[in-house]
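What follows is a single structure, written as structure tokens, with notes after it.
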Amino acid sequence: MSAAPEHAPKMADVSLRDRIAPHMPVLLVPLIAIAGFLAIQNPSSWLTLTVSGLAMGMMIFIMASGLTLVFGLMDVINFGHGAFVSVGAFVGISVLLLLGHMTEAPSLLLNLTALLVAVLGAMIATGIMGWAFEKVIVEPVYGHHLKQILVTMGGLIVVEQLIVVLWGPEEIYILRPEALKGAITFAGAAIEKYRLVAVGVGLAVFLAMRWVLRRTKIGLIVRAGVENGEMVQALGYRLRLVFVGVFIAGSALAGLGGVMWGLYQEVVTAHMGNQAMILIFIVVIIGGLGSVEGCFIGALLVGLLQNYIAFIEPKAALISNIALMVTILMWRPMGMIPVVKAK
Amino acid sequence: MSDPILKLEGVYTNIAQYHILQGVDLQVPRAAVTMLLGRNGVGKTTTLRTIIGHWRAHKGRILFDGEDITKLPTPAIARLGLGFVPEDMGIFADLTVEENMVLAAVSGPINSARLDWIFAAFPPLKTFWKSEAGNLSGGQKQMLSIARAMVEERKLYLIDEPTKGLAPAIISTMARALKDLKDQGASVLLVEQNFAVAKALGDSANVMDDGRMTWSGEMQELATDAALQERLMGLSLEAH
Amino acid sequence: DIKIAHIYGKTGPYEAYAKQSHDGLMLGLEYATGGTMEINGEKIVVIEKDTQLKPENGKALLEEAYGDDEVDLAIGPVSSGVALAMLPVAEEYEKLLIVEPAVADSITGANWNRYIFRTGRNSSQDAVSNAIALAGEDTHIATLAQDYAFGRDGIAAFKEALESVGSDVAHEEYVPTDTTDFTAAAERIFNAMKDLDGKKKLFVIWAGGGNPMSKINAMDPSRFGIEMATGGNILAAMKAYKEFPGMEGATYYYYEIPQNPVNDWLVKEHEARFGAPPDFFTAGGMTAGIAAVEAIKKAGSTDTEELITAMEGMEWETPKGTMMFRAEDHQALQPMYHFKIKVEDGVEWAVPELVRALSIDELPIPIRNQ
Amino acid sequence: MIRTLLSGDMPRSVPLALILGVILVCLALAPFLFPGVRTVDTAARICIFIVLVASYDLLLGYGGIVSFAHTMFFGIGAYGVALASTHLGRGFDSIAIGAIAGAGVAALLALVIGLFSLRVRAIFFAMITLAVASAVAVLVSQLSGLTGGEDGLTFKTPRELGPAFKFGKEAFDGQLFGVKLNGKLLAYYFVFIGALVLFLGLLRVVNSPFGRVLQAIRENDFRAEAIGYKVVYYRVAATCLSAAAAALAGALYAVWLRYVGPDTSLSMEIMIDILLMVVIGGMGTMYGAVVGATLFVLAQNYLQNLMGAASELTSALPLLPDLLNADRWLLWLGVLFILSVYFFPTGIVGRLRNSG
Amino acid sequence: MAVDAVTCDFHPGQLTAIVGPNGAGKTTYFNLISGQIPASAGRVFLHDRDISGQSVSARTRAGIGRAFQLTNLFPNLSVLENVRLVVQAKSGRSFNLWSMVSRHGDLTAEAEAILQRVRLLEQREQVVSELSHGNQRKLEVALLIALDPAVYMFDEPTAGMSVDEAPVVLDLIEELKDQRNRTILLVEHKMDVIRTLADRIIVLHNGALAADGPPAEVMASDVVQEAYMGRGLEGVLADV
């Protein structure tokens, strides 16, 4: 007599399809790139579109990563996420304006240093704000999705208005640091330098998040805490603290995304974060709420597809994201790499 | 009896509007296995959960090693040296066995001697060390759950029905591991429905009914008195 | 008292424009009344109302202004959408609405009624002046605009104007209003233009954020000999023009360009009071304020019919020089300025240097309200 | 009689009954009690938003479905009337055709969205509706040939509903209690009666057997399935119904404004307003829609004035006047938003009923 | 895999008790029959009709009704409304959008009659979440009775009920049994209950059918003694 029935997967029965299935989301990116190549037929255009699409995906990923982190790990829908993006952009851009002498100098090193300072400033500001947001706005509504939606929307309005009070109603225009202007051209394709920076930052964020979530105990605690918070506490971990930390991290990531996005747009407004929210939601949904990998792949897909469609048929670009979302949800109703268990 | 490691004094616990515990008194002596018995739904699990802080006692006191832990948050209680094996095992299914164990070793890397001892007690854990805990069989999950509690030395183990759904052979392994723990000087508070196991392991016994402690004494006494068992726990089955 | 309602979107994305517009209006009233804020001994009272940029509010507020507050005339709003919703109210109440600074052609076009005057420029004036500034021998022009009425109308007017000066559009590109990534559009434009000979220009009409100019510029259009071109903008947005020294286009207003007493007064007073030079919408607001005062003075009353009679064909002095309400569609005809961008040290924004003023006579603005 | 009109769903609280009574009387006699263009306009908006919010309450409060596409349906109704009036000429028949067609299209669209996405997780549904609604808003602005794009459509309603139409000259000398008898007055009563009928209709629906099933599903869809209800069908039906009701509210709005545009009827801002009205009023009560919409529309219209006054009073203090600046009214609305979720978790109606 | 290849016929007029240790698969077995979990293999027949592919609600309408082990009601609706909803589900009037609920007095009357039977009539206006645990359990049973299915499935109906409340429910089950045309499945841990009510016992263990037969026979069998009641462990544990 055995104990509970043994779980013994029988490999022989697993078809090729089943074996590919877990990797399908990852494969989608090259598949779409190949499809794009066949449809576009102009190698230099394709190269430009592909690289810039990937870079755009990276920027979206940076903005979305915080949301997916917070939702995936803590089951909190933060409709105010966009406000953090805006605040990040404003703080970062203000810092950059202060460091004008560094950004206007044609030295890559100085420019990047200034950017780094701006990013740090923005992340610290949004991190602190995230902490306050969590304490004041989110804490009382853990576990109530509807209330979370309402309260964080209220928070969004308040923060946007406070930005206007602090920075004034005008849009703030900013130029990119000198060394990040312009493009690198090769093989007939022009790749904006700034996008290469975005790719670097995006990859770094992605790898860092993966590393933290997989290799450190924090990652374990958070992953375990989502599954069974009580047990994690019973092991002696202050889950609440870790969760606040996650919220702060998510907010700081939004701040980082805000700086990157603001510099990409070269103009910041109080509404800019909220305007990016739809795109962020789409990415987070198709990724499978809560999955960093899914979010990453989703962002790349959105970036690529948007560019290809806009090139091939500009009219259809409008609905390309929605169509992508619908298709992916029909294929996998929980998103590509679902993390949070069905509710 | 020396001073108990854990002491509950008139603990009342409500879950939502239900009054579950209604004045529980309990003493857990050091370096011994204390049984907590009773029919289904009398509040055994609730008692353990109240001790570890998952439910809050709204009246009464809980003393651990002389310290009042009634109002402490769960992590703080756990860090005082309590190992908890919940009724549902609390396995982190998405994590590997190794990750489950690493997480349980709160204060640092796993002590390898202790790990060897655990492997010796529960060989399957070694076999499945790198596989996802969710894929383990029920018995193996139960082993993992207890192994997690044992991975570091704790002063007191709270173990909720470790043998449910286990095959007899595994039950005896489990029982031996618990006995090892006791021999190492740890204290154990054990909830057990299986009276045979209770008889074999327990030093003292406490029987609950309706959220109250109805009987406390030596296990020996309860084990030999069928009428008492019948009265306290409705174990009419045994007499059948 | 003479009551004037200023109805505009004080809160919302155009908040900055709104403030300029109101400051300008008040300066205009002050200037035109010689600082007394009185016309023929009657005090001017300005009632402000915030549409929050919502057309339905604009409508209700205008009704309130005419019906409950019994204002003599109303001025506003910033957004064309709000303006279009407000137009029929003026007709219903048979009172004047001076549109400033909403630009849609249809305000003095298809949706016009005889109670509507506009002191602001319309899209055609922008388009025609830009066409004149850009067109030239052997010049190929591609356009990029947002895919909605404002963008399409603007390009249509631009195209019409180009044709009238004997040129045409090589490629039209429209992208969704909220586009942030212009790579695809730029590639399409580059592919369409790279094999053409002669001068190549890409003319951009864009409203709101997501400015495509520098994003496309970052893709190095000069590889294909393509130059960027666009119209003038508010000072804050002109910062981004620093990337385009030598770029040409046409603008509505830049405080250093017009040379006349009104503008001198405006620049001086504005710098004194607000510590910054006046901008697009300040000049616009002032124009509307002066127009209102001059019209009442000329009509000698605030009776609507008399005002209309007085204003049709009226000429008056503004920061941009003399303007005239065209009798047919009540559009203020006004000069525009062909500029060339110069980057000056110590100036936060790029400076549009005057190439040549395009006078009223040089700008054939079609009448579209027939 | 009253019981039947209210479908047996009595206010169950004296203060609530009083409040509702006052609102009803004020709205019914608005043109006479508060003569003035602005006030009547406010009253008409309150009527329309009551219906709109009530229809959303059917979805959210009774069905437990979070949707962000409600303004989309509202807009479809409004555009229905606008397009019909533009292309078929002014007239009551155009209004009827536009309203019915709008409601039909809205219901159909709701059916499609519902069948596709009510099977996925609730939160997905919320986000999907958000995306769809924003796409539709962009679509409307792009199809400017048909919809007038960003600028919207201005159109004419029947002459009888316009201010130029005067009546009762002989009998009352064109005036009644000092109020001019003109088409504007008729338009107001058109809206008022339309809203009243729609609201009572919605009240009936939530108190029908169907409404009870919806409540059951909201409470526990798992168990509802287990006692034999096909949950998806009911959810989809509720979505369609609520969409159609929202479209009719939109039609009333179009009639009142004689204008439609994306900002007026499709914007995300209105969606947030609706959410707030439902929450402030009290979800799942229908009467909450009445209280919430009334309070909110009043605040929206008059909060700015109040704040302007407050700002002047505090002008000596630092920062405060900035925060109280009338232009910052959105800030305080946001604060109100947050506070109301905390302090009125069951809404005003829930509060009144519990204390009563 | 929680339930493995269990084949059984259940007949009208017969009360079958299903026993087995915690986690044996009893609830899962119920879930398979009522459709909450689709079976990965195997079929479910009702009156010789294959209902395996049908949804939960379709199976309910076909005549399979169940009460849940964990109370599963409509917490913010009144007691009467809970039962009325079930009666309404059967009446086929649920897509009626236009008549007032109060016009369906027959449904209300029927619901009240059922509440009378489970002695909950006095609480009919109370909101369920304010009901005591025992009364909620009764309501759980009331819902099933209101459904009046061909197959009744009770999952530990008396769990959490006090000694004086339980008989109400047990009497009701007895009553149903006496109607002789209802098939009743009962999961229950209390052996005395099973002994008085059951016509037949099946024992599940680790998801497999361990025994099946008349009560006396099954309870005496070795497999039950060993697997369920823990007899025979003594030998194993002797050396501990």
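As written, the chain order gives the labels A, B, C, D and E, with residue 1 at the start of each chain.
We adopt the following convention: a contact is a pair of C-beta atoms (placed from the backbone, for glycine too) under 8 Å apart; a residue touches a chain by one contact, two chains touch by 3 or more.
Labels paired with UniProt names: A, D = ABC transporter permease; B = ABC transporter ATP-binding protein; E = Amino acid ABC transporter ATP-binding protein.
Note that the structure is a prediction, hence the values are computed from the model and not measured.
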Shortest walk length in steps over touching chains, chain B through to chain C: 2
Graph separation of chain A and chain C (steps between touching chains): 1
Greatest separation from chain D - chain, by CA centre: B
Per-chain Cα centre nearest the global Cα centre, belonging to chain: A
Label of the chain whose CA centroid is most distant from the centroid of chain E: C
Centre-to-centre distance between chain D and chain C (centres being mean Cα positions), rounded to whole Å: 36
Gap in Å, rounded to a whole number, between the CA centres of chain E and chain B: 31
Centre-of-Cα separation between chain B and chain A, whole angstrom: 43
Set of chain D residues in contact with two or more other chains: 138, 142, 328, 330
Multi-chain contact sites of chain B, meaning residues that touch two or more partners: 138, 165, 168
Residues within chain C bordering two or more other chains: 15, 147, 176, 178
Chain D residues touching chain A - in the complex, by the definition given at the top: 60, 66, 116-117, 119-124, 126-128, 130-132, 134-135, 138-139, 142, 272, 275-276, 279, 322-323, 328, 330-331, 333-338, 341-342, 345
Chain D partner contacts - residues on chain E that touch it in the complex: 34, 36, 55-58, 60-61, 66, 68, 72-77, 81, 84-86, 88-90, 93-102, 104, 143, 147
Residues of chain A touching chain B in the complex: 1-7, 9, 217, 220-221, 223-224, 227-228, 230-240
Partner chain D, residues of chain C touching it in the complex: 10-11, 15, 50, 53-56, 59-61, 63-64, 66-68, 80-81, 84-85, 87-88, 92-93, 104, 106, 111, 147-150, 152, 176-178
Chain A contact footprint on chain C (complex, rising order): 13, 15-16, 19, 147, 173-176, 178-181, 183-185, 187-188, 191, 209-211, 214-215, 218-220, 223, 236-237, 239-240, 242-243
